[in-house]
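Letters are used for the chains, namely A, B, C and D, taken in the order the chains are written, and counting of residues starts over at 1 for each.
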């Protein structure tokens, strides 16, 4: 179930901050047309941390309906503690998700023993497969490869999504999960070719919202063992990823800059109607959005018909 | 509204992990009898990060009903993004809270501008006063004293609860909020006397669950300017605080150790029925719980009749 | 030996970056006239990290000669590894220092066991008393109070200088070293009164270069138990400490801002000839230096005759 | 000058902690026989932070004499401030080094402007080329790729040694230094093949002390474009790198574990006489050393004749 290109979908919003389901349907269709192999709803890129529960559900319901079983739909169940995650995961199960993606607990100071308890409790209580999501920049804890290996070998987790940016650690995850059947996915936008070369089963790039065709080409080249071609595609995508550096970081934080640029690019391509992000994230300026649009165009990415 | 001793209540649980409302009523009564000046439901000490929304509500409802207006009830509205916090805050408003306590956004990478947006949006949307909660160990961001000062001067926030452990910074918060009418509360268990000497309006000590009489004596001494007496009380309480160091930290994380010891102490005093904490937190061993009980007894804190 | 006000001396430089011994003699005399109880040469404030060995020696030799035994002279022996520290410490011994001040090893990843080894080796090899220097902002490791207590009880260290800014931890150091004979010194500019109230033996404030008379008054008040007077003095000194926030932090780093302001203030008072700091630190602008001078003057600190 | 395999040499010590020049000559010859392309004396692996100046010089002198011009010798000039680095660099120049390797200033809080000043001052004062050394785990500051690019383009630095473990950042360094003539070296033991595939000019692996032949094979394969072969070699070396995880990390810190295992392996292979590391680093236990030796043997690395 967990392989290939699985973009973490942006959640398009109306001017008022409501989920724009028409745009989300369009985005889903755009990604499916590009040949992606799965859809991840409710990741950091999907602004799950900013969305109220009702909006999380609306987004998931919309994507499940639009995907209509063509590819698996993964749903983020991201929250601070086990019981909170469990409630999100059960709703996702009801809404038709095929797997849930879960970080270590955050906000509270826990150690490896509590993290193990967290995943074991979730696995025991859920029917859906659980994907362990390693994103230390947000969780401020790094899932240890040894622990991931153990959880994979006993089937508590079915996959790992590694957004640590640390390929040395990802290699250890690959080694430790070998033979377990658990898939290893990388969240890196710019090292996807190398991760695949090392044995990753799939990639979950936020930039995949903007250029899904590029990541599908990259993945297909790597799957055939043509790493030179994968690298060429990666090089082009890495340049495109420069859009996240357009916003003035003296004015806004890291997440406003990144998600604002993804949405500005999607709006420029005509995929979504409005580039608004959710509070407390701040929008790009008009000038910044125009520069993002220019970068998108110069990367050969025109409006989607 | 914000002054004196305002303990962040533990949330007693049954063996099955449900909110034990009878124990919570007993705890509330115990604190009121000790003369506390406010009650804070849904802080880190209250395991808000581990409690599902329904359990958060049950806890708040129980405390509001038991307090019956004798002292203000503050409710934590702790979540990752503005709209999520807003939903919690509105429920708290409906359930009878007198104020909401809100951290900076977490899990996502934000800067000062997004944090300002967060508090401004919440203030505009809510009728309850907003208390800014600075707890960098959990949020991985420190609320800048200058920003707190600005938000206080324009009445966006009505108080600051400082759990940074950084008294130099707290002094700056006192300076910057001077004249704004905003209260400054410290979350420190062991520097409460000094914080009061510097001008804090109140204290929010987790250990206040275990020995509320001690903290009330400390506060009253300080209020009368008898800092020598306050210091003596503080010295005794600091020794009692050693209960959080009983659990083997090679086995469990920081939060399991701290909350496990508070609950073991409350159970030893007969205030709550069961020392269970919520998943993924791990319990103290029987031996550790016995050592906590012994420390409590040796501090002269007997069973509550 | 370790009590009272022990300022960490700035190292005045000529325009060319050589040690300005005439200015250093003047600074030493200025501090002695103010009644300080010791002199600390070669701390972070003394730019030890920027000074070549020869310049470190020149500074120490100058201060030892000028002090002429009136008060003890402490010498920083700050370096990455044990043998390197040992060489510095032996030179300091030869040059007439009365004690050496030593941090944990840095630049390499060590744990508590190596830190213990470090201090034990130094103590065994030296005749001078060793002061453990806790400055996690620079060393990126916090000396654990329990370890400091053990080292103090067996006389491996003779004092602790705490520049962690963490008064909760300092309280633990006081508790753990009790009865050992080891002195506890705080490096805090703004919590000196509280540290003394809690039992600190002395204070080592960088700002003591600029206003030694103020810190001596603060210390003497606290020694007599007049903490209200100590607090008044502290309040004034905390306002003066605003000079370190004058420099534009978008332009220069933390250390350039702090040391640049100390030296600008000393130059404004006529104590040193030139405000230059050592490479790679960057100077204040003329405008920034003028603003520092104005703050110094408005604090009632005129030129020294 | 900067390409291929450039191992950061361990510094063999006698039982008493003196530099064992006979062993160091043997190690140098062993590496040259394996076909390495350069030698780096005085890196973290060489225990530069633990060696006194005289020992640093002895090590450099020994390697320069043994290499006798066959390959370039790079010398670490690692210290906290510019003038201190300058003194080390000048001594290295006198002793025959071909380049100096320099980190950002550490121990003091500096920003990008001071780091730029640091490298510019060193470049202006030295005749040797300067290699910028990015090792955030030790320096607690990450050299920004944009700054490295600018310094490379104006020839202030001649190469970058990246020991950040962050391949995304390394890719940016490659991009920003393109066309400057500056070489890009990776310090990664386990991602060397990928770094070379991305365009790295060389590799500086600490494990290259133990198995230089392996890294030379890896490099030569990559140079011919045979990345599959490079990857096979890398896989074997990554397994061998498990020796750094043998020591009990509850007992010793990261650096004791890593350097202790390198030296135990070199002693097991008969290259050096004694596995001692320098204070404050702690030795492996006899049992740990035996397990390292067994891992080395099972990797097919026998005694060197």
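Heads up, the rule we're going with is that a contact is a pair of C-beta atoms (placed from the backbone, for glycine too) under 8 Å apart; a residue touches a chain by one contact, two chains touch by 3 or more.
Note that the coordinates shown come from a computational prediction; the quantities given were computed from them, not determined experimentally.
A.B. asks: Chains in contact with chain C and with chain D: which ones?
C.D. replies: For chain C paired with chain D, there are no chains in contact with each.
A.B. asks: I'd like the Å distance between the centres of chain A and chain D, where a centre is the mean of that chain's Cα atoms.
C.D. replies: 36
A.B. asks: Using CA atom averages as chain centres, what separation in Å is found between chain B and chain D?
C.D. replies: 49
A.B. asks: Which residues does chain D have that touch at least 2 chains other than itself?
C.D. replies: Correct list: empty.
A.B. asks: Taking the touch definition from the header, please name the shape of the chain graph: line, ring, star, complete or other.
C.D. replies: Basically the chains close up into a ring.
A.B. asks: Considering every pair of chains, which are in touch?
C.D. replies: A-B, A-D, B-C, C-D
A.B. asks: Taking the complex as given, what residues does chain B use to touch chain C?
C.D. replies: Touching chain C from chain B are residues 165-168, 171, 188, 190-191, 194, 197-198, 227, 231, 238.
A.B. asks: Could you pull out which chain D residues touch chain C in their complex?
C.D. replies: 17, 44, 47, 49-53, 55, 78, 80-84, 86-87, 105-111, 113-115, 117-118, 121, 137-140, 249, 251-256, 278-282
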